[in-house]
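Both of the next two complexes hold subunit A, though its partner changes from subunit B to subunit C.
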Partner chain A sequence: MTLARVRAEGVFYLLVLPFAALTILFGLWPIILSVQVSFTASATALSPNPTWVGFANYATILSDELFLASLWRTLAYTVMAVTLNLAFALGAAMLLDGTLLKRGNMVFRLVLFLPVVTPDVAGYVVWRWLFDHSFGAVNAALDLLGLPAFGGLTTVQTATFAILIAELWHHAGFYMIIFLANLAIRDPALEEAAKMDGAGAWACFRHVILPQLRPAIVINLVYATIQFLKTFTVVVVMTKGGPAESTTFVSYLAYQYFDQARYGEATAMASVLFAIVIALSLLAYRLGERGRT
Partner chain B sequence: MTKTTIGRRTLGLAAAIGLAAPSIARAQAQTLTVWHDLGDNGIAWFERLSAEFAKERPGVTVRSQSFPTDQWFGRVIGAINTNSAPDLIFNNYERVIRIQAQTNRVMDMRAVLDGVQDRAFLTEADLRVGTYRDRMIIIPMQRVQMALGARKSWLDKVGERFPVSWEDTKRVAQKFREADPDGNGRADTFGFALQAARPRDLIHMLDLFVFGAGLSHTLIDPSGNILIDQPEHATILAEFLRTYSTYRFVPPDTINHSFAEMYQVIEGGRGGMFRVGDWNVRRWDMPNTLGGDFVTGAWPQFFPARDNAVVIGGMRGVGIPENAPNRALSIAFAQFMLGKTAQQASLETVGAVVRKDLDISSLSERSQWFARANHKLVAYDFPEATHSFYPELEAQFHRRLLAAIGSPPRDMDVFIRDLAREMRETAQRLSRG
Partner chain C sequence: MNRRWASLLAYLVAIPVAIAFVFPYAWMFSGAFRRTRDVLSDPLRLWPEQFDLSFLADIGRIGGVPLASYFLNSILFTLGATVVGTVAAALGAYALVRRPDLPGFRLIRSGFMLTVMYPYMLLVIPVYIVMHTLGLLGSALGIVLFLSLGPLQFFLFEQFFRAIPKEVIEAATIDGASEFQVLFRIVLPMAMPVTATVSLIAFLLNWAQWFPVLVISRGPETYTLPVALLSLNTELGASFQGIMALAVITTLPPAIVFLIAQKRVMQGMAQGAVKG
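After this line comes the complex of A and B, so read on.
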């Protein structure tokens, strides 16, 4: 390595150093502290000399029916939300990319993307009002049509479905934009060749377009998995985990434990969720990469 | 002495004074910092206190910072543990308990209170609601009263008076739901505006019914006995659950309602009866909320042998961290806060006090009712001060009650008996852990 190159790289690292230090300080340090708290007794967790309890908090939460139920609920919700969001986003992107919606294409894109930039709390408050049993627009419309009332956020059977709709409204536009970006750079010659070989619309989509969308699918899959595993705001605003815990996901349960000053168990839950998020994201990424090679 | 010498000495003296003045001023100028969660009303109160305190202690400024409650916890615990504590902390007793539990560095305020001559207005109960594990962690400053409120125009419309017994209350609630008390031609009103979503939301509402009926504990007594299947407790609990479910006195969405949503139901004119805290009155007297269209009274009477009451739902007070930067001055300010001037300011800005000798003539009729406090008062029992596991027990209690609201039990007596057994087992397990 020449002296000039060392000097150039030295300058590079010198310039990067402040940002690296800030990233470690504000990005990594809170995570480390959170994991550290998970090894302490809650009563002393925030004191200068906490009592170290090893993996006791992890043992407690792993034998806690509430946590296990919320973990399964979170995983099931994530599968449903990821599938629904990506399917909807892909469908919308295909429609907007095709010739069917040529007129007003920009308006449709804007309408679908606007919820992404809308503050989530504001959006979910409006959804809560829409679903309100007494004065909500959803039931008013159903009533006009002579259909039975929708339980919305008030019944165990419908609450998850209601927040799935609200989250779809808020997030799908983002995934759609990623799909649209990928569709814009695909090779049209491949589709023309497939059509000349007699491939139908479905076969063309399945065997020609979809493989080219792999980068967008991987990005969206990883991002959506992270997003929905950590579902929190929609629960706080719309259901507070209810009714009967039907929307108590891990993030919200940890928050409830914090509220009860059970800091050790709450951070243990957060750490478990963090590990699952990392593992599933890596898995999704690796699967995507493997498919590419 | 020549003119020149006099001139030089005068000049020198002036220069010396000029140089020394800023440092003298610096020595006198001191700032006390108070952290609270009272919002704008609290900030206005501390601004007035600062001006009044400066008359006794020139150069002293009191600066208050208001945090959202959940942030207040983290900030105070973190600051005390890292020796960057504020001079004073101000909040509800049960919240300061958590600070003490996590830091063990909240000063014992007994000696501070002993230094106040004029304190006869503080009752034994007040002082008890300031003491945690033999240490007075706050000096009580604001008794938090919570009464039952009812829309006055609705009562007039349905031909009812403010309810006294539980039977009266049920009848009024039914009419509020069915008789279109707001006259808009739509069936969009309910008997009550309550909340249920989080453990404290629902149990707080139950507390109001229980203590308001004259009982002393909701779930557990100081000896650790579970009480919910005692006859009087069971009666109230059963009726309370029916209020949310089979009686349909509250909006169906109440199961997801916390404070913010409950206030929307109250201020939006959908709930006819509701909790009125003494701090709510100022806001609800304003035209864009309830415009003063409400009357207040004691909570419903369930048992003829027991007087119904207004609930003392909390006690706000001032505490001093042991590592407060200006400890002596903080003590002087804490003592000043109990004085008549400071309490008068508290009454006019926050709406709650502990003294009874204040001028209430400028307050609204409803605020005066709270300030006179001539009604029977029953204090909340703060089980978290006695049982460290209480929040966990309460969370489980809440889960079972929510389930019973969602799917009302066929036999309420059996449900309450089974629930009591489960609570006893849980309390035993938690107390061992």
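After this line comes the complex of A and C, so read on.
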């Protein structure tokens, strides 16, 4: 009896082994190493006997103007990107949910989702050149419409806006299908009742549909917040953090420090960003849970 | 009446948005075939003046490595990571769902959740050390194993296995089937559709990966298409036409896979996300 049980349980350990091994080797181990490196002096971080410096690296980055500026920049960018992406995705989902687009519906859906499965490097490379002053179609189009030229990636005022557009193009389709999945399972009787009571289209959306979208809003909020806090690829491809550091977000700054062999500070930044990601995700889940009861 | 106006209005919004979303693809395609000076004189034109094939020479070799090598790496690493990741996620999720009570199993799941939350890009330093310690730096195996782990794959399987009624499995166990028989004769055949979905999504996600590939690589010999594109784009004096052509080659395989299996991909991605 016990032997049979041991054998039966052994099977499950065998099944979970590859998954557990991958998680430990390429997930947990690097994370532990990262935390460990953040407590050592950069010069000795990668040697077998590193010098432990306690929280010195954390103290250094918290008094580092570059880091603090990039942290605020990252938070501000995240707020803008999350708002823009979710508002756009919700609008697109509402447009697609009805029958107004008839045959155009599937095409519109595909067109908005295709960038999600397009390799981000490829998409951002194309956008980088679209914004280019001599090659770019963006300014040529604005010129054609009689609008003033767009500074694109070269001016401090417009670079953030330019990467917001490129990221919207790449990510919004994903948030859109989450909204669509939620819209598909809502209760149509509620809307009929509201219409019967004489509610207009906006009142119906605001007081009947939107409350039912709470699950999708929470999921999208968590996903988008994590996504944009980590913003990295778009910066590497399109701006290299410039102009004048206006797009140097925490991930990119940490990467630059790493490149300069400032391992301790770079990993300390990683820990800080990780803590923020976890705190914000928990907060969003809490808000979602509270709304359910 | 009212409805027709509303429909017209919907199209008036949808069409410009759709054009803005498709334009980068059209522009990329035409840029691959247009001579650079033609693009400079008329950036908006989409139909090439003539189909210029000089990009073939521009990107025949990138960083001293032939284009075919990047393409082959992309195919092999993506497929390898897809197979390893799908199998590991399927078996792992099944074991964790069936016996969450076994010692250590909750810990494995929490550990996985933690790695999902960690800012992926910032694993760079430690992953480098891990690969170095394991002797996998610069190896295809290291790249494949690192890419194989993904949250969406695991969540889709977990969700599917949770939905299987307990009675189905209990009935088989009472009939004297061993755990392996239950898995291979009952559960896995049921899981074929979700396995197909997971493989498709894993393929699309893995194809796009660039940072881990760059970090684990020792040189361009193990670069994939996105990494080659990135290094070409940062190369001084690289031709615009070549960059666009390489972007087309990088984009086309996942775009084709997606367009063939769009419904499955979109549904799967929405489901996998809802779980996480």
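In the analysis below, the second predicted complex is superposed on the first by the 275 of 293 C-alpha atoms of A that agree within 3 Å, B and C clash if a C-alpha of one lies under 4 Å from a C-alpha of the other, contacts with A are read in each partner's own complex, and residues count from 1 in each chain.
Basically, a contact is a pair of C-beta atoms (placed from the backbone, for glycine too) under 8 Å apart; a residue touches a chain by one contact, two chains touch by 3 or more.
These numbers were taken from a predicted model, which means no experiment stands behind them.
When both complexes are overlaid on subunit A, subunit B and subunit C end up clashing with each other. Within the superposed three-chain model, A:Ala268 lies out of touch with both subunit B and subunit C [touch as defined at top]. Contacts of A:Leu253 after superposition: neither subunit B nor subunit C is touched. Judged by the touch definition given at the top, the superposed model places A:Val208 against neither subunit B nor subunit C. Applying the stated contact rule after C-alpha superposition, one finds that A:Ile178 touches subunit C and leaves subunit B untouched.
Legend: residue contacts after superposition of the two complexes on their common chain; A:Leu90 is shown touching neither subunit B nor subunit C. Once chain A of one complex is fitted onto chain A of the other, the partner contacts of A:Leu46 extend to both subunit B and subunit C.
Taking subunit B and subunit C in turn and counting the residues of subunit A each one touches, the greater count comes from C. Using the contact criterion defined above for the overlaid structures, shared-chain residue A:Thr154 touches subunit B, although it does not reach subunit C.
In the superposition on chain A, A:Pro243 makes contact with subunit B only, not with subunit C. Overlap of the subunit B and subunit C interfaces on subunit A comprises residues 46, 128, 134-135.
Only residues 70, 77-78, 81, 98, 101-104, 188, 190, 196-199, 251-253, 255-256, 258, 270, 388, 391-392, 395, 399, 402-403, 406-407 of subunit B touch subunit A when the two sit together in their complex.
Looking at the complex, you find that subunit A touches subunit B at residues 43-48, 128, 132-135, 152-156, 238-245, 256, 259-262. Residues 6-7, 10-11, 13-15, 17-18, 20-25, 27-28, 31, 39-40, 42-44, 84, 87-89, 91-96, 98-99, 102, 105, 108, 111-112, 114-115, 117-127, 129-130, 134, 145-146, 148-149, 154, 178-180, 183, 204, 207-208, 210-211, 225-227, 229-230, 233, 240, 243-244, 247, 250-251, 254-255, 257-259, 262, 265-267, 269-271, 273-274, 276 of subunit C are the ones that touch subunit A when the two sit in their complex.
By the touch criterion stated above, subunit A contacts subunit C in their complex at residues 8-9, 11-13, 15-16, 18-20, 22-34, 37, 46, 92, 95, 98, 100-102, 104, 107-123, 125-130, 134-137, 139-141, 144, 169, 174, 177-178, 180-181, 215, 219, 223, 226, 229-230, 232-233, 236-237, 251, 254-255, 258, 263, 266-267, 269-270, 273-274, 277-278, 281.
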